[in-house]
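For reference, the structure discussed in these notes is given below.
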Amino acid sequence: MPAAIPPLIRASVMVDHGLSRNANGSNDMSSDHIILTLSCVNKPGIVAAVSTYLFESGYNILEANQFDDTETHLFFMRVVLNPVREDTGIAALKVGFELIGDHFEMKWTMRSKANKQRVMILVSKFDHCLTDLIYRWRIGDISMDISAIVSNYPRSTYEHLDLDGIPFHYLPITKETKLEQEALIWNLVEETKTDFVVLARYMQILSDGLSAKLSGKCINIHHSFLPGFKGAKPYSQAYDRGVKLIGATAHYVTADLDEGPIIEQDVERINHFATPDDLVRKGRDIERRVLARALTWHLEDRVFPNGRRTVVFTE
Amino acid sequence: MPAAIPPLIRASVMVDHGLSRNANGSNDMSSDHIILTLSCVNKPGIVAAVSTYLFESGYNILEANQFDDTETHLFFMRVVLNPVREDTGIAALKVGFELIGDHFEMKWTMRSKANKQRVMILVSKFDHCLTDLIYRWRIGDISMDISAIVSNYPRSTYEHLDLDGIPFHYLPITKETKLEQEALIWNLVEETKTDFVVLARYMQILSDGLSAKLSGKCINIHHSFLPGFKGAKPYSQAYDRGVKLIGATAHYVTADLDEGPIIEQDVERINHFATPDDLVRKGRDIERRVLARALTWHLEDRVFPNGRRTVVFTE
Amino acid sequence: MPAAIPPLIRASVMVDHGLSRNANGSNDMSSDHIILTLSCVNKPGIVAAVSTYLFESGYNILEANQFDDTETHLFFMRVVLNPVREDTGIAALKVGFELIGDHFEMKWTMRSKANKQRVMILVSKFDHCLTDLIYRWRIGDISMDISAIVSNYPRSTYEHLDLDGIPFHYLPITKETKLEQEALIWNLVEETKTDFVVLARYMQILSDGLSAKLSGKCINIHHSFLPGFKGAKPYSQAYDRGVKLIGATAHYVTADLDEGPIIEQDVERINHFATPDDLVRKGRDIERRVLARALTWHLEDRVFPNGRRTVVFTE
Amino acid sequence: MPAAIPPLIRASVMVDHGLSRNANGSNDMSSDHIILTLSCVNKPGIVAAVSTYLFESGYNILEANQFDDTETHLFFMRVVLNPVREDTGIAALKVGFELIGDHFEMKWTMRSKANKQRVMILVSKFDHCLTDLIYRWRIGDISMDISAIVSNYPRSTYEHLDLDGIPFHYLPITKETKLEQEALIWNLVEETKTDFVVLARYMQILSDGLSAKLSGKCINIHHSFLPGFKGAKPYSQAYDRGVKLIGATAHYVTADLDEGPIIEQDVERINHFATPDDLVRKGRDIERRVLARALTWHLEDRVFPNGRRTVVFTE
């Protein structure tokens, strides 16, 4: 009874050929993948509107995650798509999506997976996170362009680390020069068209001013299992309290120090043998893997701030 | 420019009142929640067709998970919905969905969350999993009706366990009577309208015949981290091999012993001090929590067999 | 060259026959095992003095753990022994050890492993820890005598729990009657010759007076990963803060609430889907296993308070 | 009652001054630390004989671990000491210990902690373990001298890795040249006075001949949770089996491939989203930390082979 077949199904029948056409390989190349993220107050019809629009525009949904926060009544969605036919281009897809975005009053983003974000890494004396991020970037583990490395220590501090041409900026800081140094950092963010900043054990506390400018665009790795042991020397605090597990926390930077929305945390077991130095040593492993996970998820648009909390559509 | 507003959005506008009406509380009662699961060969348009149908039928999507297996080209989806207006009833929703199901050649199920599945628990001498399941059932942790408890040991084996009126069946077994005993089990499954069978450390190996009948309808907890240490006395095997972590595995029962699709696994660290008895003791904790998780996920329709693997949309 | 053989070696040669005699089995019976614990300011010669005394008294060292805290300069040791020959009795061994204990100004204990400690369990409405402890006690997982169960809820609260003859005391409490209720608890501790008290999710805050009386003789399970989320409703606090792991902490009770020395902690991963109720549900699993581990270790004399910290010689 | 004071206590009284003398700092310098390891058939008197000898020789016990394997009746002990007075030298201490070693028929070693072992690293194309080991060596995390790096890939494969002067040897291998290549490796081991060899994802299978020569002197990192997924492509095997956790295993190399005694293992959770490539990526993190832990423990003399198993006195 063809008459009874709803339009969507007719359409999908037609599209099948399109699918079979691009089944031979082009599906596997992620160069044409597009990531759509959106959040808005929850209403019926969002998924239907979005998926129908994408389908009728000739796109195939490869991945989709959604979350309906029943406390805040907010709705979060992440979709990865690729064109079923020759790509009509993301520009056109964006224009058409605006109507849906406006109607549901969505915060939404749509970008080609091929466009890597530009990331600036801030570091101090300890380079275990920096070294790890550069290694993961080099082997393609983390997909990003590193716009610059900024440190309050000179390049020689990392003499055995091959920066592979990444611009390095030595920006020393003192109580007196903090304002000027932060201004230089911000200029660098703008000049280098940096999308995102990583505090990879950058031991300076950002001023409220810079924190505000970087809010939501900056991640920090705190070397404790927050909210335990905020502030300085968390491993000494952990030692004094005699905890049996130590951890690390990756969170977005906000004006409120160590209070930003948490993206990822992990822990490792310790025992009474462990000295404060042992905690620091064990902590390095936790810090670098927690920061790497959180950064990867952010760069893949998997993380949505949700008040003091985050929605993370993990791999 | 109303003319430009696509039908789906118009519809959702209309429905908004519906939403605001049922915003006051009825959303919170899960008594009217419906769980839809489906799997089929992946094609463009599935999500659009499903979500549009649900939306136009007056249902709100509370949760949705989907997975596109790029190896097998199979698509898996789980949706939890509730009616936006007075519930027109699941029966009507099912009838209408058949067209979509047929078109995409889906395997699909649709059931009211309020309808609990009937679970039969098989157990032998060790009762740590049985005791744990009954406790979780009693406090509402696991939502199920326990149709029967079957053991090859007499009721007195569990004299301190309050079965709270659950029928207990003592079905002893010997090499000679295995066929008859399994026939009795199967009769019981049918008489009690059992939907699902749990081997809660039931130390008998099911015959191929019974395994086949129960295939996909039965879960087993194996006391090792499969595929390591198949067969008998896995903790002794683990001790002899000197592993540093022991584990447990919950898997669907298939004719192929210890080879069924894995639903959940977990491990705990051990050291050289641990005797085989210590492994057994530590193992009890792992077994009961792994089995409880796997059973809960199955009963919430979160688990999809996918060849030798499973898709698990975890909480 | 016998003359060159130091006395200790000569002695051990003689004793070899003793060993070969009791090699046939009696080694396996732990009924005659003795646990010695000691702590003192570290000095050279402690291990030599202790091990030589035990050896010359005809005892064999089955297990030994020691820890030299280089921060506090305190030395901690736990030894499990059994008699090589017919047991001369722990009384004699104690008398002889006093000289060593006095000389090194040790805090020390020596007890037969066969003498079970008497444990009182305090509980409120939630019975998951109580149920778990009783199960472990019944199957011999935790070696103790349960002197009494005390609750501020009536016996009927746990109607499905078989107390197997353990005395149950319903001691309701109100702001006004707190003092009297705690007096009744303390009387019960003394009457029942209770060695150790377990707060198994006993939701009442002990007064400083009772805390002081029970200091070092009482363990509490706090349903958070301390020092995060002290005080009431830790799971709600954890939810609000958006942590990615939740935990539980077993610690000795001191006058300073939630600040007692930590014995054991564990965590589980959560995600943004988890509601506060989900955290409570997941938390039950963590709480019961953390409390069971900590209690087991304490009852086996494996835990030494060390200021705000603990030394735990784990299995 | 001086007459009643046993000789050991008298001695320790005398030595107290010695202790107070060297309390000012020399205790903190680990340059004079000595590590003693021993194993033998268990007998009464071992601890007494050893600790008394060390004490009377003027040494202080900083750490001590022991394990009495009741299955094999073998006794294992590790002791870290430092001289209470001016160091009489390890040579003298060794000579005196021989009598005890001979009497108890011990396998024993005694070495100065300051003498670093010489480690050779074998690697193939994947350099994540190599990179990690070199970083840990550079920052002092792992105390060793790297005698050489050997690869069947040319130096340019690791062009961005600063070897900091460590000799690199490119030893290509083919079926035909395997014998010769292994001969070159062995010569290198001898020429460079290498104490220990690390297979840091060296993807060649050693011949029985070389395995035998390196037995107990070589560690391998296998990229699966052994005994699951032996042999080639373990991550593909893990994917096909649909396990929910993947792992890595560090073990001593023996002639029996993937069957050597396990030193350390760890796992990470995966889900149905994970492709074989994802497993490889996640696996890198597990492999490098498992190998680093196992190597560190071996180099600190914390690992004792015990048949197919190991005794590991972890930090």
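For clarity, chains are labelled A, B, C and D in written order, and residue numbers in each chain start from 1.
What we mean here is this: contacts are C-beta pairs under 8 Å (C-beta built on N, C-alpha and C of every residue); 3 or more make two chains touch, one makes a residue touch a chain.
Owing to the predicted nature of the structure, the values given are computational and were not obtained by experimental measurement.
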Quickly list, by label, the chains bordering both subunit A and subunit D.
B, C
Of the pairs B-C and A-C, which shows more C-beta pairs in contact?
A-C
So, in whole Å, the Cα centroid of subunit C is separated from that of subunit D by 33
Roughly how far is subunit A from subunit C, centre to centre by C-alpha average, rounded to an integer in Å?
44
Centroid spacing, where centroids are CA-atom means, of subunit B and subunit C in whole angstrom
38
In subunit C, what residues contact two or more other chains?
70, 271, 273
Mind listing the subunit D positions that touch subunit A in their complex?
128, 131, 135, 138-139, 141, 160-162, 164, 271, 273-274, 278, 281, 284-285, 289, 315
Over in the complex, which subunit B residues touch subunit A? Could you list them?
4-6, 8-9, 11-13, 15-16, 18-19, 27-28, 43-49, 51-56, 59-66, 68, 70, 84, 99-100, 103-104, 269
Contact residues on subunit D for subunit B in the complex?
67, 69-71, 225-229, 239-245, 247, 261-267, 271-273, 275, 306-312, 314
